[in-house]
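Written below as structure tokens is the structure these notes are about.
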């Protein structure tokens, strides 16, 4: 028995954001049956998330390993913690009015959101495969429930069921991979696995290690909706409540990429020759499937889902680069992607109205006439998703393909650029419908957007533009906080 | 290993008889509560009634409903019996008289109890009839509800003992010189009380015998069972009663130890005088009672039984054997006391309503169990 | 004294086999000795004397599912506490004084919060549900009168 089991105050601080969110989330569940005024929970969760940002920054002041090396606080962890907290804040702003309109505003929604963020925070700072698994489970289980949140809605039910069944299946793969690598190396700690794998005394066959990496790749690929494990994403994003789709396409995805990078760069770094081609092929498949399937979509949410798959492909390109520049590009790209995607889903939330009646592209016709501001915002997001200069998306793609070129992945870069050109078609189609068509049934009689929603959209648009004009702001931070383990 | 196999064989062979006489005891005690005589016809004072019942059950028609799932219908009572009997393997009957001294004995018992629920659900479902299904569902809901409270109560004992091995639990009480029931300044009475209530519910005994509520569900999950298949369920029920009483005796009442195990001068009284007096006394009473009987055959039979009992008291006086025999005596004495309490419950209290039953399980016992666990945890440190 | 793991557990396995065998043997004995007459009515499911209607494998109250799920949650909680209870005394020495207690308290309080939640949400209520308020009470059938012929 160790002499002292008590966690030190540094330990508590390093794990502080998650502790805070868990406590408040639990408190919300206790308060839920007691309070009739559900608006309290909006404020409470916003305050908590802001507090968690403060604690994250405070924890960043004392970087290092904690809790028997199970969690690590470094720049990389802080970056993704801040990212998921930011997504959660935008989601809370977006959800309040949506839920009120649907008559389902309850404390559980916000509690689940906080729990999901707890899981993502753990994913961001996990330095141990068991912690990785725990984080993914916490994050996923909360998102499964959020997906089916409007439980009287059939689309919600279907989406939640699909997500749950496929998701638990994928996590099983991940766990199997963890078991396998534990059997091979005798450790679940990422640094220890790295040490064992790179030591010349390691005699186990490379194919066995590769197998464990492949199994874990299946698990992560599902979470980031990379091909060939992407098929759940369109159904789930389409069926889920729009604010939840916004959340899922940003927060859990960013956290999954964070843990993907940390595990593959740290633990599997010594055997990068085995998995880099795999990731490169997956990247190509993901981009292509996402973009070509998006061409034929008529439903905006579904279109954004396929676009989100395609973007996961771009990020995988940077991971396949397996370099510090690549990781830095991933960080920049995910941060900018979060803003443009949440912003786009926010406009969809506003536009779909009660019961999500208007979610087809044709319904958007003439939006520019009735709601010029909203149309302009959506234009910014779409242009950024295409990667037009002066938007965040441009620099995101630029850094990614630059990293790929630096790593001599020329073929992937070319195919990736071709893909971006294809993508431009379906994003521009939305703009055409908005600006070139007469207002239809759906665009007439629109109410003014609620303040919180407008705030979300404006903030996202502003961030997209600022990052597009001055990418150095974020790139410097990413450069300082990057996980310097690549080539 | 040989000793283990011997113990198991004895358990398997004797248990049906013991269960039969437990039923008999229950009928007699209930009759006493209700100021009547109970079974009196078969044998002297009805003492051969269980054997007659067993023969009757063997000769009864074995009915399998045409719509039933044949194999599950057969498997269900066997599952229940097998889980109940397997627990016996880890029960310490006396010092070093235990078939398998596994390091997680209590978990084996708890696990077997949980699997036993399957036998009930399978039986109710495979009958393909309305009453058994409803009975099985109620039964399963009841069992799982009280399982949690039972675990929480056991936890308090485990915490005091610091081990899950049944033998070491008794040893811990020996080392500390106190039964866990009385430790922690009497606070362990709360988990013990929870244990007794939950155990009553776990064994489907009155006042928690809703799964078999005759007035609502005919006979609950075993409505469609007849003959020896039905008897297996009964055997399992009494085996479960015995096991759960044995767990209670081991964890809270010091297992095979006599009261005040560390007070040496009480040894002669509790290890020698009391067992000898009670067993020989029972024998003497039998002979005296036999004298009142008119027919010749039962009279002589009972006199022989009485004589055998007096002879049985003899080995207790041999110091080499006394250590084990007094262990047996005290273990069965404690188990018997708990069994008597269960029968007493049945004779005293009316049945609960279903919502009351679930309320007691979830809204009373579980919070109380958690509270008593925390209380005992902090007091145990003092 | 048995020393290996498998040797310790062998009697438990043996008892399982023996108990199953005894169960089968007793049922077989009952089948062999018992007197048997096939009868269509006797072999139909018991329904208190009326014709059985439909299959018994129908839908039943969702409450039972809820109880089953809650059981899994709370039983796992109890199972988590077992290892803790075993090492409890060792967790409270020297600098670790009260550590075991505080750890358990945090865990139990978190679980209790969930317990409080399900309690207040009415999952544990088994009284007859009055049903949604919007559904009007069923009308009693009109009294039978001769004039309606």
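Every chain is named by a letter (A, B and C) in the order it is written, and numbering of its residues begins at 1.
One rule holds in what follows: a residue touches a chain if its C-beta (ideal position, glycine included) is under 8 Å from a C-beta of that chain, and two chains touch if they have at least 3 such contacts.
These numbers were taken from a predicted model, which means no experiment stands behind them.
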item	value
Centrality ranking, top chain (CA atoms only)	C
Pair exhibiting more inter-chain C-beta contacts, A-C or B-C	B-C
Interchain centroid distance [CA atoms averaged], subunit A/subunit B, Å	57
For subunit A paired with subunit C, centre-to-centre distance based on mean C-alpha positions, whole Å	40
Whole-Å separation of chain centres (CA-atom averages), subunit B against subunit C	20
Multi-chain contact sites of subunit C, meaning residues that touch two or more partners	90
Touching residues (chain side subunit C, partner subunit B) in the complex	2, 7-12, 14-16, 18-20, 22-24, 26-27, 29-31, 33-37, 40, 42-48, 52, 55-57, 60, 63-64, 67-68, 70-71, 74-75, 77-79, 81-82, 85-90, 92, 97-98, 100-101, 104-105, 108, 111-112, 115, 119, 124-127
Touch list for subunit A against partner subunit C, complex	1, 3-6, 22, 26-27, 29-30, 32-34
Contact set on subunit B toward subunit C in their complex	1, 4-5, 7-9, 11-12, 57-68, 74, 77-78, 81-82, 84-86, 88-90, 99-103, 107-108, 114, 125, 127-134, 137, 140-141, 144-145, 147-148, 151-152, 155, 158-159, 162-164, 218, 223-224, 227-229, 231-232, 354-355, 358-359, 362-363, 366-367, 370, 373-374, 377-378, 380-381
Residues on subunit C engaged by subunit A in the complex (per definition of touch)	90-91, 93-96, 99, 110, 113-114, 116-117, 120-121
